[in-house]
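Okay, got some structures for you below.
Both of the next two complexes hold chain A, though its partner changes from chain B to chain C.
After this line comes the complex of A and B, so read on.
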């Protein structure tokens, strides 16, 4: 948490070897799936193959199923982007859960109360979700930049504070007493279908997935094509060196957290404005989407486009896992598979690290052999979280 | 006075598991391995212990059953933590990622197994609580102290304090403790004088696994009547207590006491007349432990005492 040299080395610079990254992710996925299949074989040999086939193909069996894959993918892509973006600045945003539920509340509040907005209500609601999520992430950023408070700990605390705050606010403003949950949002507050209901009839797919794709592209551009993104990554590599190079590292850390929070907040808005009869329940449970986002970010190698595909993949096997219950399997097996994939992905990072090290080593040799060039220094000391 | 006794006894129920798990985390981190998997290890420990109680409670009951269950939990936690040790020590994998994977694996595995092996097919595992001690003989009659420490307790309270004292002695007064700390500060130097860095780090992670496993069971027993594949985020809170306690056993105990007391106020405010009369919504009280921790962190984080080599895989060839 404080000094994640290996993590920063690879996650902050995935451009070093994109191809080997894709290969190692695929290998991790394969190991995870095989492990899941073995567990299914142990628990029910007769049905194992039928169940496993549902995991592999269930998400694609009908257009409706794939539409639902996109529906499940939308919020976890957004929280995944949030975690991945913070990773690039060497911040571990475990607080996406709190930012997500804050955004959800902002969206529902506008969706219920501001019916006079008409056709633009969904857009205003989504903007509110973004702002609520961003505001919730300011505090961990400020506390880290100015008081050296560990981001992981402040985020964990803010997850709980956010959950209780939302429960309190829902009860005070948009509460439906008999069902113990929030009131339904107005029709105009739901995200437009943007034609997806035609492509995937009867499914829960909405324009939310398009918003998520646009967000992933914008984040990729910010990180790879702008000075701001370069400064963020520099802070991720080595905060002290970035400061020495004239980058305002405190400002960048706070901004990185705000953007990460905004992404998670949009995720909350997209889920609760999806028009599928989903409400904020007043229960003392943290929003699981925030933690799914960590899996998505890790599987996507902290690359925005990678997170997009990782989110769709996890949603895909989740839909397959729901179908698998028909032949008597417990859908938790999907989480076991995901966990094994993440565990193997931790190994494959090492393999990528090894390749990256070999390349930098070769590069260093080259530089050293050229006359008059200073010897390449040992780049020690990762960023401090 | 009765309110004071009640508050103190309740505080113990929250404090002891937090302290034990945070002490476990301390052993792992002082050896140089970040253990964010405490939550998952607690779940595995709680699951194994409760499953053991569930299957044995027809034949035995009382303190011996609890002690045996604690042993089972410790072993289960230790075995599970070896997955983390292997990834972060042998494979030099990123410790945050491998810990996250274990946190994801534990609840899924316990729900899956519980539904598979229980005839009813539900994920909750019930148990009968025969472990509560109303009053310890003789000691419970001592004025003040008897009321604070020897009435309305579980044997786990005493185990917790024993672990604190033994843990502090092992860390600061033994050869093993010195080696453990040196591996967390400067593993190259430790290696140079002939200490097996891998071995010490394995030991650190496995001690954390055993303690976190026990902590899982110790958390479940007084606060619930079944195990539902969760320890309510206590592993993460223990991580906060560990950092708040600056990786030092006595400060960890203090931090756990502080958090446990705040948690008690938030859980029991309705039975404290003074707080009830303030007429504040219950949600504010529920938030108090987390807000208080944040505020304290602001004042205590300036000078972090984190082990220097924490989170960095040991590489013999590193310059």
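After this line comes the complex of A and C, so read on.
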């Protein structure tokens, strides 16, 4: 629980200028890549450089490859946005996985059944995905707002409940017996290519990435420009002060969860409507995209635009990792690299906040010309400043 | 008298700050030596150095003429230095005796032997007139008693040098008098006391000598009998300070706040925190609520501001019943609130100053259109407040509230609340933790609000503040208002008795 608090503190307070934030994320990425390279050197010194080059350039080697990068990035950008958005209200939405799969089911259900909708079927399917995801996030929001139940706990439970519910629903409604998975969706339910198939021929890229970009921009606007975003962030930073200011913090917590759930739900919809022959398999595994969202949010410093680039980056090295198998490396090395990057990103956030604190502190000292006893180890704590 | 502690040229730096700059402190054996300074002057740092919690970059410490290296509280203890921290370090579900021996247990074959320890504690308690009950649970005894347990802890360890870190902050006037008596007793027995404070009267009352720190530097050491309060405050602040609140007499006008028969329990408890509270506040008067912390003042303010809903009774604002209205409704209908805990309620520390200055107003048409914030208007408004209330920050209105100093945070809150032009201004401990200069400023703002025909309700635990500021004083004890008096009709001593519950009955 303590770790989680720390994480939230780190994520909920991206108290840094955008430039220095990008620099530290870049540094984290560099360290992660170097670490990965060292592992490759140890496992196969001859091929290490060739493999490493593939990680770095694989995603860009052909237009098709970059199209696939966008394809892989789309769902994790959405779950990343979901996690990042909830973080800003200091809620740790670890339930993106459950919301994601619920959204996926909603999309597939409409995609298979409502063929009469014609050209707008994909849009209705996506809306359904959004609603399913949002509904799945209401419960943790309500439990937290009214009964102070930690969202982490309720979300983890709902991940499993969501997974098994979807398994059951798929079997009951859109099941293909022999393959043990959902039925294929109608062609009109697939997200339109929106010209991306021309730019990135033969790739899996679709209009989904455009939806994700639009979602990131909308979330950025909500957070930074609107009174609603102001309220959400106030609740995230300091619930008591938000209450004191007359902000209905319960409403905001629930709304934040609903929006986070909607984003994850759209992510599920976008993946399963991408027209790449992907189906909901009836297996007892949680959707990994929900957890990738946590990495994306962290690397993107819970900034919506940051999440966009972080999602693309992680997809990029994933594609490179797949190609790396050509020279005999296992693609799991990419998981190691990602993990190191996330650690470094989290760690650099802590350090940067510390430095930023010190710097402003010093600046204040100069302005006011009154030294203060330092916060660390000061037995007096917050009461006396 | 011999010198028992000598700290020579102590310099302690933190990144960007020199908290102690070549500070020299000499304490003689058997004296009460006060350490005076504003918040942030470096008192706590210096004591932490003495107590072994920080290692200084420069300087030496001599104890009883011997050079000493104090590497931690344990060493300090072994060298006979004990400290009563401002926030007591007691285990609440342990008894007094258990707390005293904690860390220094008398054992036999690994089993506790309490009888001997108990005898020693009782003997010490009697010798110094501490009247402590060894078998009482800490959670059942008063704050004043808890402090005595802390003192006993030091005596039990036979400490020679006793450091008191702002010991009077949590006490009633009577308890303060008793504490001073105890301190004098301790001196008689040959102990030496270092007394950290920023309250001048207490130094005048009890200390022999006083060392003044300002901005991390030692301003000087004086014999208390040779100086006046004015001189001390000038040394502390570096300029002449007006210690008296100036205000002209003023006749209160129409009634703004009327409270009738307010009853409230805390959540999940059957104990009445507010018992039949009734009073009123008129426009153009400052009503101060005096009382020891925890007698229902916070709950009363929660009920008035809407943070908690009372069980029964009525709150009328200009005749309108607002008992069950939302916080937002109250905020927008004439109530301003300078909260007790500025970090918990007053500010969103990770928001910029500008964002904090519109905390209750961001949604008003002036600052938003169709759900979008009008940043330009917000910034312009923030700039006028910064000018008007002299809020000083590192990076102007885009400074994060977290990195502002306590005094300026308080100025920002006060400015925001006063600028909203309320009918009723609620201020809870508005000067808590502020230094003399900032206190002067806050008091002037409050008096100005009153002069502008606002109704002002102040909750304060500082008697001198209450006496200085109030047009009328209400004393709260155990959830009731036990006195309703004018400052001219009452002495501090009488107020103290009301506060302790020794004198009851509502006077109108």
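What we mean here is this: the second predicted complex is superposed on the first by the 341 of 385 C-alpha atoms of A that agree within 3 Å, B and C clash if a C-alpha of one lies under 4 Å from a C-alpha of the other, contacts with A are read in each partner's own complex, and residues count from 1 in each chain.
Everything that follows uses one rule, which is that contacts are C-beta pairs under 8 Å (C-beta built on N, C-alpha and C of every residue); 3 or more make two chains touch, one makes a residue touch a chain.
These figures come from a predicted structure and were not determined experimentally.
Contacts of A:177 after superposition: neither chain B nor chain C is touched.
In the superposition on chain A, A:244 makes contact with chain C only, while chain B stays out of contact range.
Contacts of A:116 after superposition on the shared chain: neither chain B nor chain C is touched. After overlaying the two complexes on the shared chain, residue contacts for A:228 are found with chain C alone; chain B is out of touch. Of the two partner chains placed by the overlay, only chain B lies in contact with A:346; chain C stays clear of it. Touching of chain A by both chain B and chain C, each in its own complex, is seen for residues 378.
Listed in rising order, the residues of chain A touching chain C in the complex are 12-13, 15, 225-228, 230, 233-234, 237-238, 240-248, 357-374, 376-385. For chain C in complex with chain A, the residues that touch the partner chain are 14-19, 38-40, 42-45, 48, 53-54, 85-87, 165, 215-216, 305, 307, 326-332, 337, 339, 343-351, 355, 359-360, 362-363, 368, 371-373, 392-395, 399-400, 402-406, 408-409, 432-433.
Contacts from chain B toward chain A in the complex involve residues 34, 36, 83, 87, 91-94, 96-98, 100-102, 104-105, 107-109, 111-112, 115-116, 233, 236-237, 239-240, 243-244, 281, 283-284, 286-287, 290-291, 293-294, 297-298, 301-302, 304, 306, 310-313, 319. Across the complex, chain A meets chain B through its residues 1-7, 39, 43, 92, 94, 139, 143, 147-150, 152-154, 156-158, 160-161, 164-165, 167-168, 284, 286, 291, 294-295, 298, 330, 332-336, 338-340, 342-343, 345-347, 349-350, 378.
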